[in-house]
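Right, I'll just put the structure down here and ask away after.
We call the chains A, B, C, D, E and F, going by the order they appear; numbering starts again at 1 in every chain.
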Amino acid sequence: MYAIPLGDEGGELRPLEPWQAEEFLAHMDRGREFIGARNGLPDVVTDLESSRAFLRLYAEKAAADTGRIHGIWFDGTLVGAVILRKLDAEDGTAEAGCWLEPAGAGKGLVTRAARLLIDWAIEVRGVHRVEWVVSSDNEPSIAVARRLGMSKDGVLRASYPYRGRRHDEEVWSVLAPEWRAAKSA
Amino acid sequence: MYAIPLGDEGGELRPLEPWQAEEFLAHMDRGREFIGARNGLPDVVTDLESSRAFLRLYAEKAAADTGRIHGIWFDGTLVGAVILRKLDAEDGTAEAGCWLEPAGAGKGLVTRAARLLIDWAIEVRGVHRVEWVVSSDNEPSIAVARRLGMSKDGVLRASYPYRGRRHDEEVWSVLAPEWRAAKSA
Amino acid sequence: MYAIPLGDEGGELRPLEPWQAEEFLAHMDRGREFIGARNGLPDVVTDLESSRAFLRLYAEKAAADTGRIHGIWFDGTLVGAVILRKLDAEDGTAEAGCWLEPAGAGKGLVTRAARLLIDWAIEVRGVHRVEWVVSSDNEPSIAVARRLGMSKDGVLRASYPYRGRRHDEEVWSVLAPEWRAAKSA
Amino acid sequence: MYAIPLGDEGGELRPLEPWQAEEFLAHMDRGREFIGARNGLPDVVTDLESSRAFLRLYAEKAAADTGRIHGIWFDGTLVGAVILRKLDAEDGTAEAGCWLEPAGAGKGLVTRAARLLIDWAIEVRGVHRVEWVVSSDNEPSIAVARRLGMSKDGVLRASYPYRGRRHDEEVWSVLAPEWRAAKSA
Amino acid sequence: MYAIPLGDEGGELRPLEPWQAEEFLAHMDRGREFIGARNGLPDVVTDLESSRAFLRLYAEKAAADTGRIHGIWFDGTLVGAVILRKLDAEDGTAEAGCWLEPAGAGKGLVTRAARLLIDWAIEVRGVHRVEWVVSSDNEPSIAVARRLGMSKDGVLRASYPYRGRRHDEEVWSVLAPEWRAAKSA
Amino acid sequence: MYAIPLGDEGGELRPLEPWQAEEFLAHMDRGREFIGARNGLPDVVTDLESSRAFLRLYAEKAAADTGRIHGIWFDGTLVGAVILRKLDAEDGTAEAGCWLEPAGAGKGLVTRAARLLIDWAIEVRGVHRVEWVVSSDNEPSIAVARRLGMSKDGVLRASYPYRGRRHDEEVWSVLAPEWRAAKSA
């Protein structure tokens, strides 16, 4: 039922839940190659059962207050998502992430969606540090981190084995005071 | 983040989740006597832990796709909720319910909220029959059932023991074709 | 080891437990078409594993005191069962049910068996209301409800999807005072 | 509902289930000192909750087909029990046990009850070996083993620590062919 | 990392853990016929998954302090194991066991390994009685029991069904005072 | 039973398991203030139950092959530990950690112990990257990272809330080729 516009061109942020497993699988199928270039998710979501399992995992994170997922729709089609892979309200830390299928790219959808999610984490839930962990060769995602006002904490060398090669991962983060300063700027 | 207006006077429907346990408990505390006159919920939600447990139960129902809860806010205060106590998408059946604290009463909030929820169940999830089970002496809730276009299926005699007395419960329902006919009328 | 005669013609009520899964499956196989005309059980019990799972479910209900099953034997053959699908001793409510394969029909076995089970629920366990939910076109089961002195609480329209069609279900019930009055009559 | 007479003087074998926790606790309370002289059970069943937990454990063993319990009633009072502490139908082995409160002793109740239970294990369930493990100084229980036609397999030295002292345990057993030979004798 | 020499010829006792499932399976494969002559384990450990499951079962026993396993290596090859199938530190009882593939036999490895394990159970963990249950026709294992200074408590007739025949099992045991006396002798 | 010397002065590495909960609690009690200056563990291990729970958590990690713990003893007293907080053999990553009570400090025990553990992770388990996460003001632990040949990947700003203040954490790591090069140097 719920939806928040992401810009003026037809983008929307909405809850993404287990009953939408079929729609989510179709999105994965469309974006399998593109998303899979940098992200292991398409290897995990391969059929209706695994699609439902993935969405259920996130619904259970929401129930336990340890993470959440929101879908990004464009012109009525699910084209991506922003997530809190981890959320620790007591420690005041969270790790955000995102992905898009090609049809959703280049429209600023992820940046707008991530901004809503991070703002919720910081302003509503009291999170102090939001992290963004990204493969060093994932230029688009690093560009999002920059647009979100994050700074780079370091490079975890050879931390991410993917498709037969070990990748470095960059850790970016934004702290609550920085987030608020950027908003009021 | 999400919110849907319920009329023009400041009512809103929003997700209601475990992290809002404190707010939910405050709502229960304000409405304890009023809600408890016809509904056992205030006997179950008595402190922060039981408040979180109740909301978590519904978050797990959402994860399993067997129920859900939405909060009703008025002028920024949580004043009630509409729920799908049960949802069986395969069988095409659901049972809806609601409650309000006094500050939310008399404004049509529950009728509007239940309309959104039932419409979602029928139109989005393909539910054929939505049920509304209510104590026979709960006039306001029966009035909502009537306003929702439901008809009375029967009276379950002495089915609900509450506060030392056995109450009859009325079963009201609306079927998908009736719902759609009423909308197009 | 236990058995209670059901009339003088060779009927008996006995415990029905997981170790009897083979015997229960043979009963289902014999009654599959007849029982399945009005009852989804034969679609659930299709092999030894599902037979054991069903009986285990009821053994676990007995362990949790939330239901129970008794088998009906005739001339040494398992021909049917009476069950408490639900039992809530604290609330004083229960829902009873039954089925028979053709070889057991027309002998009054189910009525006698249900009478024992309902009397136990009311007199031993203190249940106040025993419910009997039955498809509106299940004449034999409705006749049993009548013979048990139940009255009809209402009709749940289109509540039971079965084999491609939605059926109405009738709710019948008997309350403890009615039960006792009928016995002393 | 079920009951099997144990002799002519008012003894009965019946199912013993979690809902009878209050009755079971009263039995334990009456027999606490007498039973506790040789058996740790009274130290485990001390209030309503532990009484229900013990009966539930045995109901779950019945559900899993790994054990069972039957109560012994005398003149309407629960005075003891016979159990299969373990049952392994695949291996064809079982371990039986029993206890009585003083009001049930000296009437042959346990011997008759154990005979029914062992006969069921051997003839109905196909068990080949029924074991009886008993503290070496528990003369009455050893006498039951003898009356059941068991022979002594050995003495497990110092195997049972109880009330500050290590006791030897005797292992008695009867095999299916022996059981049948004794019946036909 | 850990290893304790078992004599001077290349034998070693080491932890045996789930990550070694492949090595354990290879050992089972080599010893399948020899070990399986008297022991059901090779029927349980038949592939990598069941090998890991078995080792994990023992790792969980260690976590719960209810048993443990140690591997016996000879010249760098895993050739057998000694186990505490059960450990009850509160009751002061344990049951030990062992097996070897042919390449490990005849070198005193099991006796030395069992001695270390039993000594640990008695001296470090305060166990009073260590039991050794063995098929009556398992001469090598009975010889180990004798070398460990155990005495025979009895014979459990027909207690162990294996490969279509029921075997007697002997129960051997050693008590803490006996163990210490033998050490100081 | 197992022990590996850590240098010549009486240090030893040994398994640390749930049955040692009392010994572990005594160690925590002695080191509570010193260890707690930089590490939340003493706030978690406060009595026998929590001590056993912590050790059991690590025993279950070992069973699941996702982590492990080893104790450091000096002159027969447990004075510290090295752990793999996380182990992902498939991804080839692990996170190591350590602590000492004052009596164990200044002797090189942790460096030697961590070297054994990391070498096992890399050479036996095939781990490619071992991480060491440490509060930026924990000079002694950073010194260990340096002595182990690790390099600093970055600083996670404000990531660790502890005792009312948010601390930066440094991430250090060593990769398998670096480890081997340092060994052969």
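Just so it is clear, contacts are C-beta pairs under 8 Å (C-beta built on N, C-alpha and C of every residue); 3 or more make two chains touch, one makes a residue touch a chain.
Everything quoted here is computed from the prediction, not taken from an experiment.
Note on connectivity: the fewest chain-to-chain touch steps from chain D to chain F number 2.
Annotation of chain B and chain E: not jointly contacted by any chain, touch as defined at the top. Distance from the centre of chain B peaks at E, each centre being the average of the chain's Cα atoms. Same interface as D-E, judged by over half of the contact pairs sharing residue numbers, among the pairs E-F, C-D or B-C: B-C.
Between chain C and chain E the centroid-to-centroid distance comes to 52 Å (mean Cα coordinates, whole Å). Taking each chain's centre as the average of its CA atoms, chain C and chain F sit 61 Å apart.
Here the spacing of chain A and chain B, counted between their Cα centres, is 32 Å. Multi-chain contact residues of chain F, defined as those touching 2 or more other chains: none present.
Contact ring, oriented from chain D toward chain E: the chain order is D, E, F, A, B, C. By the touch rule above, chain C contacts chain D in their complex via residues 1-4, 13, 15, 17-19, 56, 59-60, 62-65, 89, 116-117, 120, 125.
The part of chain C that touches chain B in the complex is made up of residues 91-93, 128-129, 131, 152-161, 166, 171, 173, 175.
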